[in-house]
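Listed next: structures, encoded as structure tokens.
Note that chain A is present in both complexes that follow, paired respectively with chain B and with chain C.
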Partner chain A sequence: MSDFIFYLIAGIMVILSMLAVSLPNLLHGAVALVGSFFATAALYIMLQMEFLALAQIALYVGGIVIFMLIIILLTNDLGVDNSLSRVSLSRQVGKSAIIVGLVLSLFLFFKYNPSQLLTATHRAAPVSIDQIGIRLLSTTNGFIVPFEVISLLLLASLIGAVVLSRRDTKKEEK
Partner chain B sequence: MMSSVEFYPVNNPIGDLVRSIFPEPVAVLINGLLALLSLMALVGSLGAVLIYLERKVSAHFQLRLGPMRVGPHGLLQAVADGIKAIFKEVLKPEGADTFIFFLAPLLPVSAAFLVLAVIPFDHHLQVADPAGGVLYVLGVSGLSVLGILLAGWASNNKYSLLGAMRSGAQMVSFEISIALLMLLIVMVSGTASLRGIVLSQQGTLFDWWIFKLPFLGIFAFVMYLIASTAELNRTPFDISEAESELTGGFATEYSGIGFAMFFLGEFVNMFVSACLVTTFFLGGFFPPLLGVPVIDPILSLIPGFLWFFIKAFAIIFIYMWFRWTFPRVRVDQLMYLEWRIMLPANLLLLLLSGLFVAQGWAG
Partner chain C sequence: MTLSHCIALSLFLCAIGIFGMLTRRNLLGILLSVEIILNGANINFAAFAHFRAADPVAGAVFPVFVMAVSACEIAVALAIIISMYRRKKRLDVYRLEELHG
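Presenting the complex of A and B:
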């Protein structure tokens, strides 16, 4: 049963991701992207990684795709079909050759080097949100330093955005 | 490892009955379907009830009677409107993008649906209780912004696009305030699960987060009301569909059932927002006990879900009150309010409540 659901979700994910990069209309691509993010979140739920799934939805669907849409809407005519998205036949052939080659080589690689991922996944216990929070902020066994460094980086980028978008009041008076 | 039953507590008598009759895998399926069906029934009936309420409340604010003709006191007016909307011809403007044009009205309603699934209506009346419920609510409500942006673009109309852009900017901005206030509640209650947040307010009226955090609770409550009104695109913040400027904003080109879906989404989202306020600040399904030995047992007799609905509808009345009392603000005033007033105030509030939590003054 769970195998079947996995292949269903994975199939939906692959199809939607391919649509997201190949549809000529950017807005349609964005909608396909939202669908593929949801499918990814469903896979995380299947793996019992609840926090990852929720973060996936909150950050990507609720944040990044919205900003992408706003940018597309702000840009003239980019949402409509244009010559940029028309790719010549030879390039299409080359693209598919690369994809087939990659998939084949991955298949061969895993066939001759059986990976430890499956056993590792079986052994790993599902992680709760509390554990993630404690691990992130603990000083002895945690990631407090990277956490704080990232917040500093965010602060710097926020200040940078304010400086960039600030109007020069002296110039306007002239 | 948690079993699916522990994960989704449908532990009410109906769920137990289904489990006693059917074997395990079928029972899980049936319980899930029942939960979904009850949510659908809730959304369907809520639409009618809320639209009727809005019309009546607005009428009485303006010294009118409102709908009176269809049924006693116009009770069947919403049903008549619904039937009319369903049978109306669905028009698509020329040059509009068919797929997105018809997809967009579904998204706000789906967002409302998905959030309703984690709302604790009573002790055992909750479809799912993920440990990161607050995060889930934040993420899923992004779908309604998505719907509005897509609708504005797909309509192939300048008014629609302008309305959608305004609405997108507004909702994204005010979502920051809402997220920070949710963070405050998560911080003081020590859990991100909605059920856990309600359970942390057990006790008397003064154990609800609105009163339990001295002063800060009331500030947070008022700010949450303001931010959620803006997030809902309701007056005084309805600049996205300002009739006098944009002839209806993102919904200009929608007619019939498409428009009805947007309308339904808006109203159900209002109910969802009121539910969240109830959960975060007003003690959810707990009765407002006063600590008086005579009155308390009587108050406790009323079941939890009724208390929940009473509180939620009180909040809805406040939203309607706002709508029919305040004039609309301008776009720049709205952005000023969020970025220059609400955001710094929010950060200050968060800092202060962090101090409260660290000192152990809160709860």
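Presenting the complex of A and C:
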């Protein structure tokens, strides 16, 4: 049963991601990406990480993709790529051949390597939200330093975004 | 569902993202493909934490940092895209060639 649900979720994710990178209209691609991220949240729940699933929906679906949708609507004409700005089909086939070769070689490497990297030792207990909160802010073996650094990074990138996207007022006055 | 299944899935997602990065000519499309790659990396973290790690909480914390950094990246990249759109009126990466890259 668990295998069947995994294959279902994985199939949905792969198909929607393929659509997201190959649909000619960027707006449709972003909507396909929303579906792919929801499937990823379902996978996190299967891996017993409920906090990650919540963060995935709140941050990716609710934040990043919506932000990208707004920018698509602001810049292009409803995300329509004109036919001139498409890579030609032969180049697409060549690039996909390169990528398929890369994936196949990685796959064979993982299948035939002698190390025991991919043998599962045990299944971990479910990770609860309390544990994650305590671990994030604990000073002994926790993640308090990256947590604070991330907050500084967020502040810096927000200020940077405001500065970068600001109109040049001097030119308008002239 | 075993560890190998999850690794294969994240490998597929990474391949799809790289394909999108190579074939899209629109800046926003490239950004969208980067999100798919990061998603695959997060699945990798979660799968290894679930199946192998002695301490799964650390594996659950790390994707949160990845998400925060990707939110920062999106904010800055979209500001750059907006200012570039104002200047050029198009986002085709083959035509943004002032740096002769």
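Rule of thumb we're sticking to: the second predicted complex is superposed on the first by the 139 of 174 C-alpha atoms of A that agree within 3 Å, B and C clash if a C-alpha of one lies under 4 Å from a C-alpha of the other, contacts with A are read in each partner's own complex, and residues count from 1 in each chain.
Criterion: contacts are C-beta pairs under 8 Å (C-beta built on N, C-alpha and C of every residue); 3 or more make two chains touch, one makes a residue touch a chain.
If you're wondering where the values come from, they're calculated on a predicted model, not measured in any experiment.
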Query = When the two structures are overlaid on chain A, which partner does A:Val31 contact: first (chain B), second (chain C), both, or neither?
reply = first
Inquiry  = Once chain A of both complexes is superposed, is A:Val145 in touch with chain B (first), chain C (second), both, or neither?
reply    = neither
Key: Which of chain B and chain C A:Met18 touches, first, second, both or neither   = second
Request  = Considering only the touch criterion stated at the top, classify A:Val103 as touching first (chain B), second (chain C), both, or neither.
outcome  = second
Message = Just to be sure I read the superposition right, which of the two partners does A:Gly63 touch: chain B = first, chain C = second, or both, or neither?
response = both
Query = Should A:Ala55 be classified as contacting the first partner (chain B), the second (chain C), both, or neither?
reply = both
Query = Looking at the overlay, does A:Leu89 come into contact with chain B only (first), chain C only (second), both, or neither?
reply = neither
Key: Residue contacts with chain A in the superposition, chain B compared against chain C   = C
Ask   = What residues on chain A does chain C touch that chain B touches too?
value = 48, 51, 55, 59, 63, 65, 67, 72, 74, 79, 125
Note = chain C contacts chain A in the complex at 1-9, 11-13, 15-20, 22-26, 28-29, 31-33, 35-36, 39, 42-43, 46-47, 49-53, 56-58, 60-61, 63-65, 67-76, 78-83, 85-86, 90-92, 94
In the complex with chain C, residue positions of chain A that touch it = 2-3, 5-6, 10, 13-14, 17-18, 20-22, 26, 29-30, 33, 36-37, 40, 43-44, 46-49, 51-52, 55-56, 59-60, 63-65, 67-68, 71-72, 74-76, 79, 81, 85-87, 91-92, 95-96, 99-100, 102-103, 106-107, 110, 118-125, 127, 131-132, 135-136, 143, 146, 150, 153-154, 157-158, 160-165, 167
In the complex, chain A residues that touch chain B = 25, 27-28, 31, 34, 48, 50-51, 54-55, 57-59, 61-63, 65-67, 69-70, 72-74, 79, 125-126, 128-130
Task = Enumerate the contact residues on chain B facing chain A in the complex.
result = 1-2, 97, 99-100, 103, 130-132, 135-136, 138-143, 145-146, 149-150, 152-154, 161, 164-165, 168-169, 172, 175, 192
